[in-house]
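Please read through the structure below; I'll follow up with questions.
We just call them A, B and C in the order they show up, numbering each chain from 1.
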């Protein structure tokens, strides 16, 4: 594909040779003459200077940093993402049901569905048009998979789980296991039946070995466009708003509600029954122990406004010295007459 | 079922119309006239006022807060849990072995066992009466599953693992993988053979994608009535006492012993070779770095008594200000004659 | 096997009865007259006194602590590991392909390969000589498994993943899922195609339910002799140097490079795009937020040199008291004339 055509399709303008033919993408360090690369992080400026890439995507402010063919875009990473998707299109799954898949007579499959080897599809399941069910997946009773969704091999959707359209679920993810609901009877735990479902919107991505529990009474809800990384725990009754992205190893306790357009860093923990408003960013490994009512950036254990946390944690690194100075001050300020 | 019958079976007294017919449970916000709800958290008092639930379970002290039919119980959440189990009984698994399951000739199945599609059961396995083995489970050589235990789809029990009676194991759980035992030979890691087993008591629940490693020499032991949430790591040689509950994303390092009736919050980490006595609560995201010999509540990184930790973490949030005040004091207290 | 023969094969010298016959290993507390035990941790000295072990491995300095037959070695744990491997040899997997395994016509299997029940091997896969593919494993297109590698049941290697020789992968591990690559288009996340692979060296062990994402553009690289425990997240583009060991529940963000011979404790988090030099130890539950350029031990949130962190965290535990003393000092030092 020529650079000029690519620019037109991803939204950007060309500077330099727009006829440059490109057949793939690569990092600045490895790209060759037929490959497109991108530049957004100034720490890689040296690599930009040395690159042999056929063309580079850059922001308008960086246009002078590269002399070769370039694609200028206000959001270069977004333009690059789109270009990469055009140059490396995902193969369309060939429709068809593998003979080793086991599909209950009461399940309904849409048109152009692909079901891979050894998948198990129970009664009452509905798989939408063009969906792909990976090898060895398990879809329990009454599961719904929306049109165009793709399940990688070995995904587990337990009874009643609903997925919207165009979702992508990675291996080992478990949706719809029982929430951790326990009442205590003089020291012995009694299980609280978990009667809700997991309901997932459209365009959601769920990472490998991530777990989303069914609601105890109401459903656990994952909004449209939510992106969950690997090894995340979403407890019963949690609700995650549209277009929120959550990095790996996060744990969200029961009934906590996270707003829309939030960004949660890796390893963050949320206690239960909180409300986090829209537009909140939480930096990695923070513990969110209270509801958050104002958009902004939060950090720390427990989390506070990131600006304050940075100042406090900076002082923590001086703490031993500060304590010594306090003790010295106490000594020198002792009244000699006492 | 009538409210009066329910009250009699779960332990509680009726106030108002005991003939109210109930066919299910729901939250205060969603319950209808034939549904039972419950009230334990005062923050939901508004929902109690507005509820259209057919009946509500409340504590004696809250009996005046709701005028409709009510079930009064000293532990309302426990009474509700039992009522929910009565109104929404788990289906008894229909006995039978799916023809696609693969069961070694030397395995023994008890009476009324259900084995679902594509399960693999190796030599020497013993499955107790009434147990359920989910689709695609793997039971390695010599595994024992006690009577009435239920394995959800895709559970992995490696060779020698023993489960007691009435356990419930969720998808993706792995019991009996090798512990992380390594000796170092001038920079190169040498594997230490992992020769122990995982031995689990009765009435244990184990969450999705939780991992419990086999012991290096002695067995890893999980006591009766223990409840483990999702994505927990239990290392080799750990012992967990009866009726201890552990929330998601906890990591327990090798050979640590946790007592009975402990409650461990989400994301907590334990270093290895510790002894935690009975009756300890650890709040979420704490790091337990030393043995604990007195029951109580512990918090922090590293964990200390929660009361002390709350005071210290409160001061941490003032740390930058405290440091500034210290510096100011140093300046003003300088002897002008120096 | 006689103690003297064992000593000769693992490297060590015998004191006492070298003709003692040994047929296994056990802990000091449980070993009997035909079992070998070891002593490295002084806290178990009482057990050494009481042991009925047939022989004990000890360091030269501890040789006086036990009167029975003993194997003296400079690194007793290493000698014990080797002795355990000799006394409890792993069974060599019997070659053969289970008829229920599904192997694509274009896959190539080496000599003496074992493929267990229900494994799925896609086109272009190459399995090296003597490798073992566990029950229900999934090997996507073009996967390479080196000679002598062993995959436990239910391992997922997605398309293009390469494993070296003599690797050991535990159940639930997922290699090659998409990295978490997202660009933001006015609030909506756009997926960045993940085009790299996962490439793993020789003699690598990967724990249960650990996830290693494929690179976005360049490959994710795991060096020779690396040991990864359970429930670890390795993001796209991470590189881990040879002979580095990482304990459970660690999360490593994208493009971070960890050097050789590092030791990472449980629950540690790394932010992205860092460089950690060779020979770094990070203690458990630390957050590494900056690159590390000097070998040594690091701790804390965020991580600093362990020695400094220990002093600061010690002061943290006095923080409330220190703050009170500061306030008292402020009061007493107020100039009465002000």
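To be clear about the criterion, a residue touches a chain if its C-beta (ideal position, glycine included) is under 8 Å from a C-beta of that chain, and two chains touch if they have at least 3 such contacts.
Chain by chain, the UniProt names read as follows: A, B, C = UDP-3-O-acylglucosamine N-acyltransferase.
Computed from a predicted structure; not experimentally measured.
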| item | value |
| --- | --- |
| Classification of the chain B:chain C interface as same or different, half of numbers criterion | different |
| Copies chain A and chain B - rotation angle from C-alpha fit, nearest 5 degrees | 120 |
| Rounded Å distance, chain B centre to chain C centre (Cα mean) | 26 |
| Shared interface positions of chain A, touching two or more other chains | 118, 136, 154, 172, 209, 231, 249, 301, 316, 318-319, 322, 326, 329, 333 |
| Touch list for chain A against partner chain B, complex | 102, 118, 120, 136, 138, 140, 154, 156, 158, 172, 174, 177-178, 180-185, 187-193, 195, 209, 211, 213, 217-218, 231, 233, 235, 249, 251, 253, 269, 271, 273, 287, 301-302, 304, 308, 311-312, 314-316, 318-319, 322, 325-326, 329, 332-333 |
| Residue numbers on chain C that touch chain B, as the complex places them | 25-27, 29-30, 41, 43, 75, 77-78, 80-82, 84-85, 88, 90, 100, 117-118, 135-136, 152-154, 168, 170-172, 205, 207-209, 225, 227, 229-231, 243, 245, 247-249, 261, 266-267, 284-285, 301, 313, 316-320, 322-323, 326, 329-330, 333 |
